[in-house]
Amino acid sequence: MTGSNLRILIPEVFLFLSALFIFAYDLGIKRKNPRQIGYIALAGIAITGILLIFFHGGILYHGMFSSDSLSVFFKIIFLGSAFMAIGASFEIASEKIRNHRGEYYGLILLSTVGMMFLSSANELLTLYVGLELTTIPLYVLVAYYKDDKLSVEAGLKYLIVGAFSSAILLYGLSLLYGMTGSTYLVGIKINLSVIFLTYGKIGPGLILAMVMIIAGIGFKLALVPFHMWAPDVYQGAPTPITGFLSVGSKAAGVIAFSRIFVNGLIAFSTDVMKPLDWGIIVAILASAAMIIGNITALRQRNIKRMLAYSSIAQIGYVMVGMVAASTMGVAAVGYYMFIYLFANMGAFTIATIFNDKTGSDDIVNYAGLSKSSPFFAACMTIFLLSLAGIPPLGGFVAKYLVFAAGIQAGYTWLVILALLTAVVSLYYYANIIKMMYFSPETPAQPIKPSLLARLILLIAVAGIIFWGVFPGTILNFATETAKVFAF
Amino acid sequence: MLENTYLIPFYPLLAFVAILFFTRWKERLSSYISIGMVLIALVHSLFVLAAMLSRHGLPMEKAIPFITHPSLHLELGMYIDPLTAVMLMIVTIVSSCVQIYSIGYMHGDPRYSRYFSYLSLFTFSMLGLVIANNFFMLFIFWELVGLTSYLLIGFWFEKKSAADAGKKAFITTRIGDLGFIIGILILAAYAGTLNYQQVFEKVASGVLAPGIITLAGIFIFCGAVGKSAQFPLHVWLPDAMEGPTPVSALIHAATMVAAGVYLVARAMSLFVGSAEASTAIAVIGVITSLMAATIALVQNDIKRILAYSTVSQLGYMIMALGLYGADTALGHHSPGFVAGTFHLMTHAFFKALLFLGAGSVIHAVHTNDIQDMGGLSKKMKITATTFFIASLSIAGIFPLSGFWSKDEIVATTAGHPVFMFLALTIAFMTAFYMFRLCFLAFTGKPRVQEKYDHAHESPNTMTWPLMFLAFLSIGAGWVGLPWLSHGFSSFVYHEQIHHSEPSYILMLASTVVALSGIGLAYMIYYKQRFSADALAEKFKPLHTLLYNKYYIDEFYNIVIIQPLLKFTDFLWWFDAHIIDGLVNFVGWLIIKWADIKQWFDQYIVDGAVNGMGYACMAGARLFRYLQNGSLQFYTLIVIGSAVGLIIYRVTSRGFIYYLLGASIMVLIRSIIRTSGMEKASTETNVQD
Amino acid sequence: MNILSYIIFFPILGFLAILFMPKARPNAVRWTAAFFSFVPMILSFYLTYDYYINYSSSSAMAFVEGPFNWISAINVHYFLGADGISVPMIFLTGLLSFISIIYASFIFFLLLETGMMGVFSALDFFLFYVFWEVMLVPMYFLIGIWGGPRKEYAAIKFFLYTLFGSIFMLVSILILYFTSEPHTLNMIELIQTAPALTHSLQLFCFVFFFIAFAIKVPVWPFHTWLPDAHVEAPTAVSVILAGVLLKMGTYGMLRVSWPMFPQAVRYFSIPIAILGLVGIIYGALVSMAQTDLKKLVAYSSVSHMGYCLLALGAFSSVTAMTGCMFQMVSHGLITGALFLMVGMLYDRAHTREIAAFGGLGVKIPVFTGLMVLFSMASLGLPGMSGFVSEFMVFIGSFGSFKLITIFAVIGVVLTAGYILRMVQRMFLGEFNLAKWGGLTEINLREILTLVPLAILTIFIGVYPSPLSNMMKATLENIVNLMAR
Amino acid sequence: MLQYLALAAILFAIGIFGVLTRRNAVGILMSLELMFNAANINLVAFNKYIGAAGLTGQIFAIFVVVIAAAEAVVGLAIVLLLYRNWQGIDVDQMNIMKW
Amino acid sequence: MEAESSQLVFYLLSFIIVIAAICVVTLKNIFHSALFLILVLFGVAGIYILLNAEFLAAVQVLIYVGAVSVLIIFAIMLTSHLTSRKIKQSNEQVTLAVFICAGFLLASLASIANTVWRITDRPMPEHNTLTIGKLLMNDYVLPFEIVSVVLLAALIGAIVLARKEGT
């Protein structure tokens, strides 16, 4: 019926086909060159990205799938994080993943396909299914070191908590559907206002639905208090997957959240509709995330756990932009996630390489890194400083935007809290820098990352700096995405 | 030449710069440059004096802007009037003498050149101070004088006492300057200008409220108190004798300490606006004078005696000026202004002579203690003679210069019996202690033979200035002879010429007092009719008190300095521990929170799950192995907080119940676990 | 002519150039660093000269660049300009940066210089904030890598403390942005519109800005980062820290807080002056208790910057404001020089304990002479810049606060106390030949780094009117703005 | 309709209880199935009473059934891994990573 | 009359479901739990029929019973040496869990009861199996495809994880 618009599915379909091709290729060609499949996966992502440029704009199935600017923006983030995760995986693919390399890359691609569908979904069912497609491959990927107890334990935790959250989310979605009789976000939006206008009230069921949905998506976001799984899973999972989890999967949560709340339930963002407003709930959770994430990160000794807590805190900042529920807020969230992609993926890439070369995830072992591997240390420093929000790096502009949105929306207390915790966060970020630069120790041998890894790091650094100094392009794009929502 | 008076300070400055940067390595040349420049200044000053005389004291003023502001206009300029001209003369003459004298005195000193550069710098500062046309500029040079005196007092800085003395001098005078600055601030704020003439006009025209004038006057006088070593800030001057003796002569007799008197004289138009301030000045002056004179009675250090004598004489002048201010404010006539300035001049010469003479003695015997001297007149004729002349002059014996000026001061006190009595007492004591010094040092038998044997007359460079100054000590007073058309008082006066008629009774009285002082000293120390020691023994408490200078230094040390140092230590501790501690504490708290959270996870959370007793249990590790359902704890948190949020939004009261219930649950859980420990452990065993 | 942009970004070029240079040739690095800070210095001199000749008669911004669109989505512009209060600071920054780089060529200085120059010329709040924060990172590295034994603590303390302060500034900036109509970050426009804010909002914003700036100054009781940072930092870093970074706080107040929130300043003027007074007295007293020479100088900064705050409290007096600016410049010169000298001594003696020395004047007279010179300048001796500034501060603030100023004058004596005590204990008295016999006199390079500072100190002290005239129009304008 | 919703809520709560308390990993998976079923009851009930015009609820439920099955499959695979690594599936043992 | 009987059936089914569900989560024997789970699932299928969702009921029975039979096999396989012993099958947070579940139940029931539901009285279309099929192939073809990918991913993942490596 909308056949002419089917072309907007081309990027997703292509990525799916690449995944299939990888599965088949891996079966057929018996892994002579372990890198080959990786390059195919990278090429698949790259081509998908190019296809995305040509095939976007338009809706399918009554808006069930809409390839709008918001989705394109996030799809770029997903593809970027998948690209960097796969790039980083080269470091471990030769050693730790002896078998099923094809499946490993293929599952990453499938998960990315799920994210892409999710980001385009304007309907609860598609959204839910897309979310599951995102998550289920990740369950497998987290447990991919099958003989490693940590990895398996992480897989179990991720699976149980994930499925649990999925059920909670589903319960919430069902209530939302029940209250409005529609699964389309537009329908939900209209019907809720119709109900309110007709009956003069909506009732606490909406609270139930909203909290359940927040809890369900909060799992993906690792938003406090639904974050408990994150440190364990981040620690146990293969490091590139951890990076992918912390960026791609989070971005998926972010867009799901923004679709449902900032679009469908926008009327309930402020306390006009008290007590049916979600703004204050998210604000509380965001502040909890910033406090708990940042403070707990202070004393972590494992870099992956530290980054886990850091990313818990980071999502708190994102949520500040989200509660603003404004053009600026959405733009800020988009920009934030975009920079976060580079910074966090970069940091995890470094953690991957470091672990691969030294077999350690301990922050203590980063001591003196600047002397043996200055490039490596400098990259890490830039990533960490960007995460901390120090100008002129991208992280600063991102934080600025988020806080601006918060202030604009009247959440001054939240912004002050966020800023205070940002100061706290600097302490643990700086702690690693301190280790790398101020420590008198000199590591035995330099770490020589592969050319690809260097390239990825360089791209990440360049992105952080360039878009920190000239945020215009990305920010305009992100502002453009906000037009998807009618504020 | 008058227009170029501003050049006068620059001659020595030039010498300073030249020595510092160019001729420091050539000692002779350095001293010659320095002396040459000061002589040029002297000549120039002479011309200025002449010009001033020829225009009958008509002042002239010239200024360039320093900083221009709508509310305040600061300038650098010169204001030449007879007072200035006389001061220029005093400074250049004494400075020249001292510098020439120093050639001999400082001979062989390793920092010879630097000494002369400092002297030049000092002369520059002093001359600048003198020609200033406003309080701001005065203050600038005032401070520079302080600096150079610091450098010169501490010249032999290897000696700890010298370095200490320099510091003490600087800081003590700075305390006075504190008041000076405040006075200037008051003037700037209320008068809107710091120019002498403009300020005085405002005082005279009544623009300034009397209270303000009093306040400003007293505060400005604080500066003079510091610099002129008046009570209670006199403590630095005796210590300052640690410097080379010529320096003492230059700074602590003739010039720098006179700056305070000069300030009072210069600002007289301000003080006459306030009888209160003037009276305060007079009282301070007389107290200082009396106190210093009494102390000087019992000291044994030759330079210290002279130092206290200086303090005393300065107090004398201050008293005269204060009385003049008070009298004029009340509409009476008074010769005080002339008396003060006149005495300033004569005192400069004979005190410089005394110090230089003392320097000559010290140079010869290498001791400061007069008890170790004796009979030196035989070996040091010129020194002894000139010293005696100066002593007579300071004692106020006719017709030496001191007689005339002192007489005028006594005349000033005519309307104030208490002051007069005290003034005469001081005159008596002055005569006594000066001749005590003379007799002990120059007459009688040598008490320490080896020192005596070693003694010799000083070289010519040192004796010539002595003789020249002796000449001045004798004759300088004659410019003020009442019978010679009141030369001085018709030249240097305040607002209107006022000649005091010579009061022969007073002259007689003061001469008698002076002579009796000399006589007493003669009896005790020359004829030795009475034993000085016996007297000291008889008045032991008094003697001890005087000998220890009224314990003022100790008092300051105990009451101000030590507490201050203690306080700074406390503050430092406070800063490092409390303020910084507060900051660190917050940081610590935040970090600790992470620990607490970890601890919480470890003990409370685990404890809630495992049971609180887990820590107490012997088989804790085994038990822990069984338990810690962290995964399910995560889900518990997820759903628990979701439910909490729902209840929170639906009903806030329910939320409280919910929280309460949850915490009770956790509590009960822990209690149960603690008590039900054994059961759990048996189960563990079963599984294993 | 984009002279400001050149000044700001030239050092960055040097930084990049050095990054790609072979590490094996330290001399090449040194010369490159020197070159890339020399050019901005010359440019800043030229800028100062040009401003003095051509622009100082009006309060308008000179050398304006922009506003060019930078981030249009949030109205951020690239907007630079300099006026009477920024030009002297730019001059100071150019000079001190070059001297520091000559003294110790840490390449992070070049980054730091960019940040400092940027702060002093930014006219867009976003830009201002970016430069403000940009400085923290190189400073962190400079202290952390090359610092003393407790460098890590000092570095992170500095970093966190100042970041803590600046977040309050950010909040205020955002509030200003959203309350202005149309939304703008342009400082010049905000100066016009901000006083229209409600009273409470003004107070709120003012306090937040004040915290940020006060930490930088540092105002008592936010000063505790300073001794740590100074003591642990390498010499050249201390110079920059004391010479330029501290000035940013007061500069920020003059540039931002005062003209934008006149009502709040009026409301808080007495507390501000009291804070200044406490700083003066407290800093001096604590200095007196120091046994470490560097700490003494560090705490003296607390005291000296107190004068600035006192002057700022007297917002209605041009003289006070001028005094504040003078104090900023003069403190930069004098304390910079003092830190340099402390460093030189430390390089030779490897200790900074005052008690360990004594009578050094015998052994190293030139060093002693210069040290005494700068000490005297520091204690406000006439003829040097410190005196002019302190005097103007007193005169200016006496009009507004009689009693506070009178108490502040006590600081002068206390300053003399601790400075002289230090000089006496280190350079006078008996010389310990056995211990310090090997001490060497300062060399020509070191003298050359100090001489410009000495000349400027004396020049400003003797002939202050050029500096005063340069900033007069601007300060008058600020005072007029304050009258709103 | 409310009775269906109430049933669903009760079933959901029981499922939660199971997830929170079951020590056996398979038991947790079973409890999760209960929760999914509860949600499904909701969906279908709503479909009948509210969204009667369409069959969205039922279709949603079908998808949920499929997804639940998929999760069960992956879950069981992980349980298998657990069994291999720990020789047991007691989730209380899976606590290497904490704090 | 019909309504009443369906009410009766509902309560019966509900009773069975709840009791069985409680058994699922509390029984010590995991094998028994699994059997009760099947009972629950059948009960739910019955509920679906009551709610005019016959196709869904069929799906429920087919897929779930299939899936759950796998579960049972697993349960037996993995816990064979555990089931024989009498050990606790629930962990230490039971009371807290009960409390939270009760809280959830109360909160959700209260919320549901006080919420506005726009209940329509339009009857369900008959023979909706056909409609569902059409819908799946038309309106819902996209999620249908996605879910197929989900299944693919799950299968591949399960295989990857479950396969024993070369040893």
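List of remarks:
Per-chain numbering from 1; labels A, B, C, D and E assigned in written order.
As a working rule, a residue touches a chain if its C-beta (ideal position, glycine included) is under 8 Å from a C-beta of that chain, and two chains touch if they have at least 3 such contacts.
Computed from a prediction, not measured in an experiment: that's the story for all the values here.
With steps allowed only between chains in touch, the distance from chain C over to chain D comes to 2. Traced through touching neighbours, the fewest hops from chain A to chain E number 1. Looking at the partners of chain B and chain E together, the chains they share are A, D.
With centres computed from Cα atoms alone, the innermost chain of the structure is C. Distance from chain A peaks, on a Cα-centroid basis, for B.
Chain pair with the most C-beta contact pairs: D-E.
Look at the CA centroids: the one farthest from the centroid of chain D belongs to B. Separating the centre of chain A from that of chain B, both taken as means of CA atoms, is a distance of 71 Å. Per-chain Cα centroids separate chain B from chain C by 32 Å.
The centroid of the Cα atoms in chain D and the matching centroid in chain E are 7 Å apart. If you average the CA atoms of chain A and of chain D, the two centres end up 25 Å from each other. In chain A, the residues that touch at least two other chains are 125, 129, 132, 136, 139-140, 143, 146-147, 155-157, 160, 164, 168, 178, 181, 204, 207-208, 232, 427.
Looking at chain D, residues 5, 12, 15-16, 19-23, 28-29, 40, 45, 50, 59, 63, 67, 70-71, 74, 77-79, 81, 91-92, 94-95, 98 sit in touch with two or more other chains. Multi-chain contact residues of chain E, defined as those touching 2 or more other chains: 88, 91, 93, 96-97, 100, 104, 107-108, 110-112, 117-118, 120, 140, 143, 147, 150, 153-154, 157-158, 161. All chain pairs in contact, by the document's touch criterion: A-B, A-C, A-D, A-E, B-C, B-D, B-E, D-E.
Interface of chain E with chain A (complex): residues 107-108, 110-112, 114-118, 120, 138-143, 146-147, 149-150, 152-154, 156-158, 160-161, 163, 165-166.
Those residues of chain E that touch chain D in the complex are listed here as 10, 14, 17-18, 21-22, 24-25, 30, 33-34, 37, 40-41, 44, 47-48, 51-53, 55-56, 59-60, 63-64, 66-68, 70-71, 74-75, 78-79, 82, 88-91, 93-94, 96-98, 100-102, 104-105, 108-109, 112-113, 117-120, 122-125, 128, 131-132, 135-136, 140, 143-144, 147, 150-151, 153-155, 157-159, 161-162. If you check the complex, the residues on chain A that touch chain D are 124-125, 128-129, 132, 136, 139-140, 143, 146-147, 149-150, 152-157, 159-160, 163-164, 166-168, 170-171, 173-175, 177-178, 181-183, 231-232, 235-236. Interface residues of chain B, counted against chain A in their complex, comprise 587, 590-591, 593-595, 597-598, 630-631, 633-635, 637-639, 641-642, 645-646, 649-650.
Looking at the complex, you find that chain A touches chain E at residues 1, 16, 23, 60-62, 64-65, 98-100, 103, 106-107, 110-111, 113-114, 117, 125-126, 129-130, 132-133, 136-137, 139-140, 143-144, 146-147, 155, 178-179, 181, 191, 195, 199, 201-208.
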